[in-house]
Amino acid sequence: MSVSVADGLKQYSVSVIGASGYSGAELTRLLLHHPNIRLQELYAFSQAGKFVNDLYPALACDKVYNPYHGEAESDIYFLALPHGEALQLVPALLEAGKTVIDLSGDFRLRSVSEHEDFYKQTKSPGSVMTYGMPELFREEILKGKAVSNPGCFATSIILGLAPLFCAEDNVSKVRFVNCTSTSGISGAGRSSKTELSFSEMSENIRAYKVGVHQHTPEIMQALGTSATNPSFEFTFTPMIGALVRGIYSILNVQLDSPADAEEITRFYKDFYKDAPFVRVRDTMTEVKHVYRTNFCDIHIAHATASGSLVIVTAIDNLLKGAAGQAVQNMNIMLGIDETTGLL
Amino acid sequence: MSVSVADGLKQYSVSVIGASGYSGAELTRLLLHHPNIRLQELYAFSQAGKFVNDLYPALACDKVYNPYHGEAESDIYFLALPHGEALQLVPALLEAGKTVIDLSGDFRLRSVSEHEDFYKQTKSPGSVMTYGMPELFREEILKGKAVSNPGCFATSIILGLAPLFCAEDNVSKVRFVNCTSTSGISGAGRSSKTELSFSEMSENIRAYKVGVHQHTPEIMQALGTSATNPSFEFTFTPMIGALVRGIYSILNVQLDSPADAEEITRFYKDFYKDAPFVRVRDTMTEVKHVYRTNFCDIHIAHATASGSLVIVTAIDNLLKGAAGQAVQNMNIMLGIDETTGLL
Amino acid sequence: MSVSVADGLKQYSVSVIGASGYSGAELTRLLLHHPNIRLQELYAFSQAGKFVNDLYPALACDKVYNPYHGEAESDIYFLALPHGEALQLVPALLEAGKTVIDLSGDFRLRSVSEHEDFYKQTKSPGSVMTYGMPELFREEILKGKAVSNPGCFATSIILGLAPLFCAEDNVSKVRFVNCTSTSGISGAGRSSKTELSFSEMSENIRAYKVGVHQHTPEIMQALGTSATNPSFEFTFTPMIGALVRGIYSILNVQLDSPADAEEITRFYKDFYKDAPFVRVRDTMTEVKHVYRTNFCDIHIAHATASGSLVIVTAIDNLLKGAAGQAVQNMNIMLGIDETTGLL
Amino acid sequence: MSVSVADGLKQYSVSVIGASGYSGAELTRLLLHHPNIRLQELYAFSQAGKFVNDLYPALACDKVYNPYHGEAESDIYFLALPHGEALQLVPALLEAGKTVIDLSGDFRLRSVSEHEDFYKQTKSPGSVMTYGMPELFREEILKGKAVSNPGCFATSIILGLAPLFCAEDNVSKVRFVNCTSTSGISGAGRSSKTELSFSEMSENIRAYKVGVHQHTPEIMQALGTSATNPSFEFTFTPMIGALVRGIYSILNVQLDSPADAEEITRFYKDFYKDAPFVRVRDTMTEVKHVYRTNFCDIHIAHATASGSLVIVTAIDNLLKGAAGQAVQNMNIMLGIDETTGLL
C-alpha cells in the first residue's frame, strides 16, 4: 500500500490511535516531519472532534482528532493508549496485515502471571509481541510486523545494564542491582490529577510504587531473567521530579569481582558500537544532554576494586522512552535507515 | 470569650472554614504560630476526615479536617471558601456575634449589579462588609467585626495606585491605567485542572479573563470610582506564569502632567509611612523579595515628562494577597500590633 | 560558491561566528538539519577548542569551536556575537561578497544618536543593514545580501503592533502604547551571573531597564516613528521570569476611536495572510503554543468602545526572536521557500 | 554575658560569620525570630558594606554586612564560611570562651588523612568538634561549647540509616548501602557558575562527585565505621535537580536477613521517639512535606524476604541540612527546648 513519490522515495501511510496524549503528540510531531511517512489519521477518544492546532498549537498540524471505530486504511498503526486498551484493538489490525507498534505495556511480558501481577489485568498467553528495543533485538524487530515498544523507565535501565548481562561471561558476576530513576512529569501523561499540578510538583520530588512498578518484570525479562525467580537481587525506585521531560537513572551494581571504570567504558562502547542512539560518554551525562533527542547517554561514573559500579543513564522519556523509539522501530521494520526522522 | 493566659497575653479562639485549600493552609500555618490565637477547628468539605498532617505535612499540625455544620464555638471565624459559599454562612456567624473575616469575593462589592456581572451570582444589596485593606481603611476595620478580605490581584494593584488617587489634588490627573499582573499558580487554588498541571505550566505563561476579571470592579471601587462608570480608562490583564507563589504587577499610568520618579517615590513613601507592610523601594522590586512575606513592595520604575508612569509591585499572593492580609485585619480588629505573627 | 548536490538541490556553505552562545547553538541545530545548507565552521572565542558535543550534547554535532581570524571561505555568515563586535567584522565580510546575517543590535538603528544613547557605543552613520523582519520588509531582504536580525523583544512587539501602524488610515489613531514583555532567561545569554542562577530565578519575576531598553528605538523605527520624537506615547517594560525560552508580550494600545475585537482580528489576519510564521488566533495564546517553533502567535484579547485594546503575542525568543528568524531571512535571500528547515 | 529580659526570658547575643550566603541568610531569618536570641553582627566578606535588605529583602532585616576582624563581643558565633576558612577562625573564638557552631566541613572528621583526601586541605589532628547531630549525639552536644554542624547530604543519609547501625545487634546485618540523593541547587551556595544558571538547570538533573563526595567519610564515621576501612560496601551518588531547596535520599540497603517493612518502621519509630524533628512516616515522603521545615521525614518504602530495603528520606537542605540543625544544636547547648524558634 506504500507509494513511491516523484523523487524515488517510498512513502507509507500511518495512523496513530491515542494521538492526543503526550506520547501521541510527540509521535505526531515526528511523523509529520518523517520523509517516508504520510500521516493519515489521528485517533483520539476524549479529545475527538478537537483540532490538533487547538490542543497542541506548537505542532502546527491542521488535522482533527477522530474517534477510532476499527478503521484499517493505513499501512502502519501506532497505538499510544492507556494500558489494557491495545489488547482489544491489536488482533484485528494484525489480522488485516497491518504493521503495528504498541506503546503500552499490553504486549511486553511473556509471562501471563507477571503481567497480571503488575498490571492487574488478565491477558491470554499468546499476547506478546517482539520487544522493540533495537539495540538488543534488532534482528527480531526487522523480521516481524508487530512490535511492543519498551517502557520509558525500562529503556533507561535496560540499556544501562544490558552489556553486563548480554556478554556471556559476565552474567554470573552481577549480585545486586539497585536502580533509582527520576522521570519528568510528562511520564504520567496528560493528566488532571491534583498531585501532578504545578503547585504540588514545583520544588518537589516524589518516589512511588517502590519495588512494585510494572516495568520491573519487563527489565528482568530483557536481561534474561524474571521478576518471579530472579538470578540477582533487584530493586527499582521510580520517582518524579520537577521537570517535564527526561529520565535519569542511577544504576548501582554489585559485581563479585573488581570493577574498573575505564575497562567497563571500553566494553560498553564496543557493545553499542552499531547503535546510533546510544552514546557511552567519558564525562557525566545530564538530562539536558538528551533533551528532545532520541539518544540514551550512558556514563560509567564509579567503579571500585570491591566490585561496586555506578552507571548513570539519561533519556528523553517521550522520545527514546516512547515516541522516538517507536519511530526507530518502524524505521527498522521498513528497512530504512534507523535514524530517519530522528536526528 | 477570649482567655488570658499566664503571662498576661490575651488569647482568642479561632476556626477556619474552608481550611484545606492553599489559602486555608497558609492561614493554618500563620494561626498556629500566632501568640494571641488558639486554633480551634479546621473545617473542610472535600477533605473532611483527613489529617492536616497527611495533606500538608509541612504544617506539622495534628488536627483533623471536619465538615462544618453551623458551629459557632470560636471567637473568630476565617472563611476561605469558593466564591458564593460564604454568602450562605456569614449572616449566622455575625448574628452569633462572631468576628468574621471572609477571603472570598462575596462581600467585597457594594454594587449588586457589578457583583452579578463579574461573579455571575445574585446577591442581596446588604451583603457588603468593610473592605479589609488596612493601608486604606484601617479606621473602618478597627471599628467593625466583619471584614471582606481583598483579592490577590486587587491588593497588588490597589496598593500600587492608591497614592495617585487618594491624595485629593491628584485625582484629576490620571487618564489611563493599564495593569498587567502575573500570578503564581497557587492563586488558582488546590486544583486538578489539566491546564494547571506541571507539564502544561512549566515554561509557560498564559493570560486569561482579559478585561473581564472579577477583581476589576473591586479595584475601581477601592480607587473611588466604578467599573460601570469609571473616571479614567482602565485595563487589567491577569496572567499565570511558571511559579507557585507571588503576584507581580506592572502598572502603566498616564497622567496629564509631567511625572518625576523621585518626587513620586517621596510621595509614596510618605503616603505609606505608617503602613508596616508596604515598602516603597528605590531599586527594582522582584517577586523573590516578598516571597513568604506579608509585604507589598512598590517601585516607581519609570516616569516621563509626558506623564507616563510605570509602577512595579510585588506581593506573595497567599500572604498579603490572602491569608497574611486576613491575619493583619484580625490583628487590627483585636486591637493588637498589626504585625503580630506576620514578621 | 554554492554547489548542486546529486538530486538537484542547491547547497550553500554556512559558518557561524559566535556559535557557542544560546542563539549560536540554536542556529547550529537549525543549520545542521537545513536541506540547502552545509554547515562549515563554528567560530567561538571563549569556548574555542571545545567540541560542540561537550558543550551541547543534545545537538549531536561533532564539530569543534574555532577562534575566528577573518576567514571568508563560506557563502553565508551568521554573526551571533555580543553587541559591538559585529561592527568590527561585518565590513570585511561584505567586502568579500558574502551574505551576512547579524543577530546583534549593531546594525539595526538608522539613527546614530539613538544607537549611541541606547547601546552606549559609537558607530559610524553608514552602519545600517536591512532590518530583517520578513513580515514587514520582505522585498528589501530579498534584494540584499546583508540583514540585521531583529531583537527578540522587538520582534514580539513589532509584529503585534504593525498592522495598526502600517495600514495608512490607522496611523493617526494610536495615542498610547504600553508594552510589558516577559522573556525566558536564555534571552540573557549563556551567563554566569548570580542573579540569573536557578536559585535566584526559580519562583521569581524581575523587571529591568524599564523605559530605557535598547529595543525601544528599534521598535519605534520599525513602526515608522522614532524614540527621540515619537508620534505616540510609548512605554516598554521588559521582564525575565522563571522560564528558559519564550517571550510573552502584553500590548496595551489606546486608540482615539472605538475598537472592536472581531474587526481587528479580521484585519490582522488579512495583514498577515502571506506570513507563514504569524498566526493570528481567535483564542488566547500561550508561550507553550510557540515553544520550539518559529511562530509568532497573536491574539486580540480585549477591545472596548472607548478605544482600549489588549494584544497578546508569543514567540520563542531563540527562534522567531533570534536563530529562527535569521534562517527565515537567509531562506528569503537565497530565494528558497521561506519555511525551509523551520517547520 | 546573657541577659534576662523583663519577662524572665534569658537572651543571648549571637553573631554570624559568613552571613551573606544562603545558609547564612537562613540563619539570619531563624535568629531574628528566636525568642532567646539577640542578633548582633552579620559578618560577610564579598558583600561587606551592603544592607541585608538589599541582598535579601524578604528577611526584612535592617542590618549591614560587616567584614570580620576577630571581634568576640557576642555569646555565640555561627560560622557559615567556605570550607577551610573556619579552621583559621575557630581556635581564637574557643579561646575567648565563646559558644561556636561551625557549618562547614572543617571540624567534622576525626581522621586527618580522610579530611585531607576528601577536602584537599591539610589540618592538624586536634581540629575536631562534637558532631552536631542531636538525634545521635545529644549528650555530647549538651556538654560542650563547640559543635561541628553536619553536612546536608550526610544528615539525610545518616538519619535514614542510623537505626540499622546503632542498635547493637543490627550492625552485622548490613552488607551493602547504595545512596542516591538529589539536592536543591541552593546547596551549591549563592553562586555565579554557568552550570548552575536557570537556563542550564531548568529541566535538568546532574550527578557529580560520584563515590568521591566529601560527605562520604562523615557518613561512615557517624555510622561507626570509616571510609578507609568500611565494615560494609557503600556507594553514594549525589545529584542536583531542578529545585532550589530540599534533599531527597533513596537509601538501598542489603541486609543478610529477611526485612519486614512494618517491623522496621516500628523499630525506627521507637529509635526516634524522643527526636522532635524526625518523623518516621507510614506513607511516602516527599520533598514538599519538609519544605521550609527542620524535619527529616523517613519512610520505609520497600523490604523483601531476601533482605533488600529501600528507605526514603527528605529534608530541607538549608534547615535540617544547615541553619535549622545549627539552631537546634544551639538550643541544646543553651539548655532550652530543642525546638525553640524552629516550629
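Lettered A, B, C and D in written order, each chain numbered from 1.
Simple rule for what comes next: a residue touches a chain if its C-beta (ideal position, glycine included) is under 8 Å from a C-beta of that chain, and two chains touch if they have at least 3 such contacts.
The structure presented is a predicted model; accordingly, all values stated were derived computationally and were not measured.
Engineer: Using the touch definition from the top, list the chains contacting both subunit C and subunit D.
Structural biologist: Common neighbours, subunit C/subunit D: A, B.
Engineer: So which chain is farthest from subunit D, going by the mean of the CA atoms in each chain?
Structural biologist: C
Engineer: Check A-C against A-B and say which one is joined by more contacting C-beta pairs.
Structural biologist: A-B is joined by more C-beta pairs in contact.
Engineer: Please report how many Å separate the Cα centroid of subunit A from that of subunit C, as a whole number.
Structural biologist: 37
Engineer: Could you put a whole-Å number on the gap between the CA centroids of subunit A and subunit D?
Structural biologist: 39
Engineer: Please compute the C-alpha centroid of subunit A, do the same for subunit B, then give the distance between them in whole Å.
Structural biologist: 47
Engineer: I need the residues of subunit D touching at least two other chains; which ones are they?
Structural biologist: Where subunit D meets two or more other chains at a single residue, that happens at 184, 200, 202-203, 242-244, 286, 288, 291.
Engineer: Taking the touch rule as given, give the residues of subunit C at its contact with subunit D in the complex, in rising order.
Structural biologist: 22, 184-186, 188, 190-194, 196-203, 242-244
Engineer: Mind listing the subunit A positions that touch subunit C in their complex?
Structural biologist: Spelled out, the residues of subunit A in touch with subunit C are 7, 33, 54, 57-58, 60, 202-203, 279, 281, 283, 285, 288-293, 295, 297, 343.
Engineer: Tell me, which parts of subunit A touch subunit D in their complex?
Structural biologist: 176, 178, 180, 182, 184, 200, 202-208, 210-212, 233, 235, 237, 239, 241-246, 248, 250, 252, 254, 284, 286-288, 291, 301-302, 304, 306-308, 310, 312, 314
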